[in-house]
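What follows is a set of structures to go through.
In the two assemblies presented below, subunit A is common to both, partnered first by subunit B and then by subunit C.
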Partner chain A sequence: MRAASGIDLRTGIAFLRNEFYNITIYRVSFWLNFIYTFLMMYSVGYVWRALYAANPGAVGVSLGQMISYAVLGVALEAILHPRNGPQNYIMEQVRKGTIEMDIMKPVDFQFYMFAKNMGSLAVRFLFLVLPSLIAACFLFSLKLPALPCFLGFLCSLACSVVVSFFLNFILGLLSMVTMNIKNINWGYNAVLRFFSGQMVPLWIFPGVLGIISDILPFRCIYAIPMSIYIGNDAGVDMLKALGVQFFWIILLWISSRLLMKHVFTRVMIQGG
Partner chain B sequence: MGYIRLYGQFLRVAILGKVQYKADFFVGIVSVLILNAVNLSLIGILVYNFNTLGNWNIWDLMFLYSFWMLSRGIYGVFFWHLSDLEEMIVNGTFDAYLVRPVSPFLQFIGKDISYTGVGDFLVGFLGFILAGTQIKLQWNAGQWIYFVICVLSGALIQVAINWVGASLCFWTTRSGAAVSIAERFTVLMQQYPVNIFGRYFQIFVTCFLPVAFINYYPSVVLLHKAEGGLQIWQYFSPLVALLMLVIAAFIWTKGVGRYAGTGN
Partner chain C sequence: MIEVKRLTKEFKIPVQKKGQFAAIRNLFSGEYTVKHAVDDISFSVGDGEIVGFIGKNGAGKSTTIKMLSGILQPTSGSITVDGIRPFEQRMENAKQIGVVFGQKTQLWWDVPLIESYRLLREIYKIDTAVYQKNLDRYIPMLGLEEVINKPVRQMSLGQRVKSDICAALLHSPKILFLDEPTIGVDVVSKKYLHDFISEINSEKGTTILLTTHDMGDIEKLCSRVVVIDSGHLMYDGDLESMIARFGAVRSLMIEFEKPVPDFEIENAELTRSEGNRKWFSFHRSKATPLHLVHAIDDRFPIQDIAIIEPDIESIVRNLYESS
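What follows is the complex of A and B.
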């Protein structure tokens, strides 16, 4: 099974290395991204300070926790924003008509996209997220959590990367059917911004909006790891939150496999 | 006068080109509406929980946002394609403008018209009416005139910033990354009253990247939000807009001259 689908560690590492070279080429955009992250971390902190000044007890966590949450939301954007997903690559290949080269490679297509994406995310994590988090500890009052929270956060972050990959991958598969996902991508960005809890934590959503955000998978991407980090989901709540992420990973994995099979048959028919 | 007639002709051609794609038009408007709904709801949820932000309540913030959307809509319809310059320089299509006997800027600006701006303007208009009735605005004629002038000035400030950003391509070929980051950043800034971000920040968005004059200072003036009395320079939006345009036009002229010089 392993040999047949070409899934092994060596192939994965080769993709990772390749992606590292790709990313290190664009130095200017790297530095601009860094400046952008700093400005955003600075400003979201001030928004929460202004809100807390008027009404300190409104949302049930301390100002320090809330600022850590918000700063984390900005820093993680460098790996969790949909623009870093595989769907733009897939769409571009579909547009150029070279997607069958990727499909016909002796590697499982989903694993290929996963390895490629993880390579670029690992590089982005090391060179964008990690430095900005370290800087945020000194400059923007990001607090380090207790050890169990921190370990939970790392597990949960790994899960959110995987959930985010599956959702982006499904969008990419859609582009093989619709040929253009620019507008779908746009809508997805907007929905994600709202229901992922990146900017505004989901537990302060009123009434029915709170229920909707609980049902959707988007909270796995920002809200769960960030809530674990600031200690809002501790103990049993933390395990429950991780369970929700595992559930979505399995569900999205199965549905993306099924969708992939379906879409590929279609592409084969179209291609003759 | 001839220039204006020519620009009108250019726009007519651009509009005729656009109406070919009706589905694209509706999808474009709908996605703008969704994005605005998301932005407004996030602010709404925050203020629903905390009651106020600084001394601004939900309707004041909606006024601020609508103010920005009105000016952004006007800017967007006519000038959204300023960012196309990078692509046109890279693949050489801009050169065609230089050999024709009409100002390259006029040709470039007249080449396209964007409907996402229509969506923004619509949101701004509805938001303004809603916020205005809730705040119970009672303006005299002078205040209405100042309001209209400030919306136009806000549009012109955005034109000038993006015009400078685009003109940088003449030197660096690529400026898209910097412009898009400035854009993403201002999108956050314009939603909140600038004074909550602290002193240094306020100086930055007043003097260096004067985005505070797009909607914040006019709103401060019109909603009487000034802390410790209104300063005279807080009225200066129209002057800032004019100054910015002059700077932008200067940089553009320099850039085109340089490009024409080295391009051949």
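What follows is the complex of A and C.
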């Protein structure tokens, strides 16, 4: 069954290679992104410094932890921003009318999009995030966390990437029906930024907002891996947080498969 | 190889409302009209045949190709492509067919052509030896050497179509669907494509179904044609009998030594007059060019003649009008 759907590592790596070309071709946009990422890290670091100078105890973690959290938030956004997700490719193909050529290929469409997305993510991470992160480390003299924290963070980051992919993929499928992605992406990013803890840590949210952000899947993308990294979710809390991510992965996986089947049937009956 | 029985495809087209809040009312409206894109079509294509699929825009050609490729579900009727039902067994079908849409590319826009091919090798699980053999054969045949490292977005249309045809053949498909492959392609590239397609067909025995508006494609490549109009099958048979049936009227151009007045002649009709030249149309069964030339030469001295065969476009027009 797996082989029949074309899912295997070699195909995945071939997609990764391809994505490398896609990104390196648009050099200007790449360098702009690079400068933006670096400047954002720099400014959020200083904003938190200024806030701590005015009111040291307001956030409940140390300044070093908070800066790590904020810098990581910018770094992760550079790879997980919805504009880098598969929904934009899907929409473009729908608009050009070439989505059929993708559906026609003997490879599972979701895997195809996943492999493509992982390719772009890996390239962005290596060339965009890593250099800015290293620079930020020196600039704010950030320390690497303890080994258990770091390993937990890596696991959590992998889950975060998968959750983010599923949500983006679902938006992509919806865009095949609504024929519009710009507005959906924009609205989604606004909600995502707010409820994922990418800009402002969720633990300082007041009652109701805190509960809403707990119910939504968005915190799996930024807040959970970042909290694990700075040691705010350690020990049992870390395992619980990973559990929440697993839960969402399963739920989103099943729902995206069902939605894909539904949308494809619709597209195949209606002819797009 | 391909069996199509009583194939029908209906599309439901939502009725667009007008007036106030039309955009919002459209969202909740369940009204639609039904369009029969393909209506009760049956035909079959034998192993190794090249069949031309002709019809006007919106006649249902592309819809049929999409159903044969498995990306569109038939409303009713049955299709088998080498024993496989395309929609229900999409993956299996995808591996045995190659599809080229002249106006759409299956290649990745920004990556060098060779990288697209490498990716296709993985997707189609093409054996390395087969892949290399096909590349070595098709690249020189199609003249793709100079674009192999270029991304598709930098290619001319002709180069892109040739690249797409090569891509569709990398996995040595048994059946090739070509949907308007020569649309917008220049004469030189067109000739390349014609030669290439007939060579693939004769060498590998690939079954080819070709839709086109270009009657040159049909004349060069197809011995058999299927004509559809508004989703209905109008004609299915060999090219020669179609010409004999619907292309019986030929034309004769005669250039006289000096201008002559318009005149009438038996079994032929004067259709055009320009300077020293006159054009006559005549029915194949009623007159021969030789007979006409003799009859005319008796009255006015002739300098030159040309016989104009009906082009397939006018044959198809006759075919449409006859029904």
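Convention: the second predicted complex is superposed on the first by the 270 of 272 C-alpha atoms of A that agree within 3 Å, B and C clash if a C-alpha of one lies under 4 Å from a C-alpha of the other, contacts with A are read in each partner's own complex, and residues count from 1 in each chain.
Methods note: a contact is a pair of C-beta atoms (placed from the backbone, for glycine too) under 8 Å apart; a residue touches a chain by one contact, two chains touch by 3 or more.
In this text, all values refer to a predicted model and were calculated from it rather than measured experimentally.
Asks: Could you tell me if A:Arg49 is touching subunit B, subunit C, both of them or neither one (first, second, both, neither)?
Replies: first
Asks: Should A:Arg193 be classified as contacting the first partner (subunit B), the second (subunit C), both, or neither?
Replies: A:Arg193 sits against subunit B, while subunit C stays out of touch.
Asks: Output check: A:Ala122 vs subunit B and subunit C. Expected answer is one of first, second, both, neither. What do you get?
Replies: Neither subunit B nor subunit C is touched by A:Ala122.
Asks: Mind working out whether A:Val59 is in touch with subunit B, subunit C, both or neither, as first, second, both or neither?
Replies: So A:Val59 only meets subunit B here.
Asks: Does subunit B (first) or subunit C (second) touch A:Tyr36, or do both, or does neither?
Replies: first
Asks: State whether A:Val107 touches subunit B only (first), subunit C only (second), both chains, or neither.
Replies: So A:Val107 only meets subunit C here.
Asks: Kindly list the residues of subunit A that each of subunit B and subunit C touches, one partner per complex.
Replies: On subunit A, the subunit B and subunit C contacts do not overlap at all.
Asks: Where on subunit A does subunit C make contact in their complex?
Replies: 3-6, 10-11, 14-15, 17-18, 21-22, 25-26, 96-98, 100-101, 103-107, 112, 265, 268-271
Asks: Mind pulling up the subunit B residues that touch subunit A in the complex?
Replies: Against subunit A, subunit B makes touches at 27-28, 31, 34-35, 38, 41-42, 45-46, 48-54, 174, 177-178, 181, 184-185, 188-189, 192, 196-198, 201.
Asks: Over in the complex, which subunit A residues touch subunit B? Could you list them?
Replies: Residues 28-29, 32-33, 35-36, 39-40, 42-44, 46-47, 49-55, 58-59, 183, 186-187, 190-191, 193-194, 199-200, 204-206, 209 of subunit A touch subunit B in their complex.
Asks: Using the touch definition up top, name the residues of subunit C that touch subunit A in the complex.
Replies: For subunit C paired with subunit A, touching residues are 11-12, 37, 63, 66, 69-73, 87, 90-91, 94-95, 99, 101, 103-106, 108, 110-112, 115-116, 118-119, 121-125, 151.
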